[in-house]
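Below is one structure; the comments refer to it alone.
Letters A, B, C and D mark the chains as written, and numbering starts fresh at 1 in each.
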Amino acid sequence: MILDNFKSVLSKYDVVFFDAFGVLKTYNGLIPGIENTLAYLNDHGKDFYVVTNDASRSPDQLAESYFKMGITDITADRIISSGMLAREYLDYKVRAGLVAYVGTDNSAHYIETAELKTISIRKVNLDDVSDINALVFLDDEGFDWNTDLTKTLNLLRKRNIPVIVANTDKTYPASKTRLSIAVGALAKMIEDTIGRQFIRFGKPDPQMFIFAYQHIKNYPHVSKRNILMVGDTLHTDILGGNKFGLDTALVLTGNTQAEDAEVRIRSTGIIPTYISVSAAID
Amino acid sequence: MILDNFKSVLSKYDVVFFDAFGVLKTYNGLIPGIENTLAYLNDHGKDFYVVTNDASRSPDQLAESYFKMGITDITADRIISSGMLAREYLDYKVRAGLVAYVGTDNSAHYIETAELKTISIRKVNLDDVSDINALVFLDDEGFDWNTDLTKTLNLLRKRNIPVIVANTDKTYPASKTRLSIAVGALAKMIEDTIGRQFIRFGKPDPQMFIFAYQHIKNYPHVSKRNILMVGDTLHTDILGGNKFGLDTALVLTGNTQAEDAEVRIRSTGIIPTYISVSAAID
Amino acid sequence: MILDNFKSVLSKYDVVFFDAFGVLKTYNGLIPGIENTLAYLNDHGKDFYVVTNDASRSPDQLAESYFKMGITDITADRIISSGMLAREYLDYKVRAGLVAYVGTDNSAHYIETAELKTISIRKVNLDDVSDINALVFLDDEGFDWNTDLTKTLNLLRKRNIPVIVANTDKTYPASKTRLSIAVGALAKMIEDTIGRQFIRFGKPDPQMFIFAYQHIKNYPHVSKRNILMVGDTLHTDILGGNKFGLDTALVLTGNTQAEDAEVRIRSTGIIPTYISVSAAID
Amino acid sequence: MILDNFKSVLSKYDVVFFDAFGVLKTYNGLIPGIENTLAYLNDHGKDFYVVTNDASRSPDQLAESYFKMGITDITADRIISSGMLAREYLDYKVRAGLVAYVGTDNSAHYIETAELKTISIRKVNLDDVSDINALVFLDDEGFDWNTDLTKTLNLLRKRNIPVIVANTDKTYPASKTRLSIAVGALAKMIEDTIGRQFIRFGKPDPQMFIFAYQHIKNYPHVSKRNILMVGDTLHTDILGGNKFGLDTALVLTGNTQAEDAEVRIRSTGIIPTYISVSAAID
């Protein structure tokens, strides 16, 4: 049931979507052999994209991080991030004024435009919030949780503005044995506390997959049947890919361990088309 | 804050999406004056679509029901229903075999294809379920809740198959003073009981809006800024429209009463672009 | 880690609380050897009680069902049911008038008093509900789910009255391979649909354990340290017993299978003091 | 419907339970006139207790804070706090070893015993956690949220130990216009992230009311019918009091505003026996 020849799977599709963390890389670098996968796709004229719940950096910066690891194939135009959806939302729906953000200054640069200025929650003065038109959760770093999450709560009590969560993940691996709390968990705590409905972008939400689908360059009218989503997480990558109508491959190099895969598929009812030890090939 | 001239709103957009129930019609017929709205849109070359969480009938049958009420403008190609997404899912992901359904026979005809046969949960024999490849919740009628919901639960204990919920609503109005329980509530009960993840189609899910967006005929490359979503329910029509990047208008002829609108907007944080007494015009 | 000598566990306690289903009996009769357990407790002057999420019958009727299976030790005064808590609630808080019930007529007899009359949801006329002062969910049988659950919803829309759920279980085993949907799942569906807060009685709620604690006859001032709760379900028996401060024993003759026990304990964080293959002894 | 003569309500009961915050005091001191209420109760031989979701200090320290505000009637033996339940749980169920705590050192002193030592999450070394037998959430202060909440998550990944939440509140008022995030919200975030079941103490849980009930000195066998619970919050004070079988009075000096009271009662279905502008009397 668990495949060890991923090349035979890849050969059936024209386009492949990859999750980033746990599929292409881990906390300590690239998955060994993943460069062979990308080379195989290039050699056979197949298109591929990285579809990632990451709003901490722009696509350019994400591409640069792959470049530094020796991967030149993952250019910015091959990266679809939840941060891009947040930026699009602000462009369509907020349009102008000031957007408060929870995250690093670096994560916020990407959403700034000529009309839309940003301000860190660190620098927000609660006595002067009348020109803040939206709040965006971008990253778990760049602010003091004790004071600034409390400030976030009180900002929302004063202003009924749209709240965008640009990364819905609850945790991410910080090392072989440690998890970090991701901004999705912090946003959920504030949402539960204030009792309002936040707007979330990120897998498994279909908007991520549509966005990726619309970015496909070389196969502009490809059928969903010819696209494969590859991920390590049942509740995001596989559920979202399935719901969007794609075939899906679960790999065992990240969140899902080989010994748990069958049990989790049975208990969640989230069923990948394939299970493979890894997305790497020889 | 509550507009009474909806024509001035409509004039700003090229394309309009309408929710059906509570916006175009109620339990006892058309909203008076809604025919003027459709005539205005036609006269001014604007495109419009009905975007509805309804899987009980095919678009052809839904269009026929408007025709019987004297509305000839709402043709089948102007109707986007959650049933269409369920059908697309089955086509991409299940492809062949037998699909069990919870609903009326009429609701199931629409999802049948040459490769995909359907069977009512009423007729399922739990000792012979090996060829059932998916389960679809379509309608709250057409089966006995006592025996057939229990049978649904036991079918899912025997078969780990995709479960599709083609109408996420919990209730619908049966008369001026009575609500009926919709199939979305029944599906949620089974999902909570079995502990698996079902696949839901219907507003506020973005997939409904993308599907509608891809069906726009007369303005094929229209910007989302030129589309208006009109609905009576904050949590489905307005939340979904907002998230997809559309301007939104809340009307007060259905689920949301005039006296509650401001309170609900403040408490939910779901903010429509406009509030109008009705979608009808003179 | 899994004990096979339950007598040595029992010997350490003065009082034992048993869950009924999955511990003393299953769908097809008594757990073999359970009569030895009860005899051992009697012979050693230990006190025991059955603590059960069952509101379908009175303690007298429950005792009679054990009697028919050949067990004479489980008298009505040794049975603590969630139905008893519902009855106490009505006595303290509703006091007089009419109580509508969802369940069999048999389940309702028990909650009738001189001041408090009952009416089946089957017989409720929605045009005449002004004298209904409470609603109680008692059993999944005795009414038509299609019509009467809808009637329940509309009753609650007309009357803002206390709603009591006297059995919080979602399912119960109907045979070796089939589950039935319990009234707790039906009540949850109505609660989610109407958006109000129902009052639930049943394990793991501490009120069940307090009620049992107050019924202990032979050891009136027993310390919680000398009471053992024996159950087959982590989320009800073990969680509730732990929270109340009791030692707990998980048995593997019901909801929890031997092969799953360790995984479930690890994933839920609900940790029994002991795990035993059964509550039966030689 | 809203009473302004609270004395007539008090006159009907032998024992009164008061919530603390929003009923007896607010962020800037005592509710004016509350001293008259306590004097009336004393003069008429009625018994009263403060039942509070507060684990940040011991009953002695809480009593001292009332003394400093000029109230001498609220002695330590009249205070029932959720911290007392946490302490009792540790005494019954953990018994010995090391308990990690999230909160101030001051909050932890109270739960220390001869057999049970405590360690702040600040000082926990994740490489040396084998002797930690439980984790308790006590207060939102006394630690760094960024580093120590992450450490809490990783501690629980290494040790499957009981986790006790001794204050279930999500927020508390810090000033007339600002809320603070309470430790209950932080604990909920960690619980959702790790996916385990934590043990919560605090209203509306019945264990708080039983604990208070068992502490009644002057009316040892008082019927629940002769006890009144007075609170400012529907979901904790009123829901919990109702469920335990007590009459309940909602006061409008705290979380529930006069203009919202009727709407909230209708939408939640949590129905107090009385609504009073205040617990103060002339």
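List of remarks:
Note that a contact is a pair of C-beta atoms (placed from the backbone, for glycine too) under 8 Å apart; a residue touches a chain by one contact, two chains touch by 3 or more.
Computed from a prediction, not measured in an experiment: that's the story for all the values here.
Farthest from subunit D, judged by the mean position of CA atoms in each chain, is B. Distance from the subunit A centre to the subunit D centre is 40 Å, each centre being the mean of its Cα atoms. With centres taken as mean Cα positions, subunit D sits 28 Å from subunit C. Chain centres here are Cα averages; for subunit A and subunit C they lie 45 Å apart.
With touch defined as above, subunit A holds no residue shared between interfaces to two or more other chains. In terms of inter-chain touching, the protein chains here make up one closed cycle, each touching precisely two others. Here the touching chains pair up as A-B, A-D, B-C, C-D.
For subunit A in complex with subunit D, the touching residues are 126, 144-146, 149-150, 153-154, 157, 170-171, 177-181, 185-186, 188-189, 192-193. Here subunit A touches subunit B in the complex through residues 88-89, 92-93, 156, 160-163, 194-199, 205-207, 210, 224-225, 235, 239, 242-246, 265-271, going by the rule given at the top.
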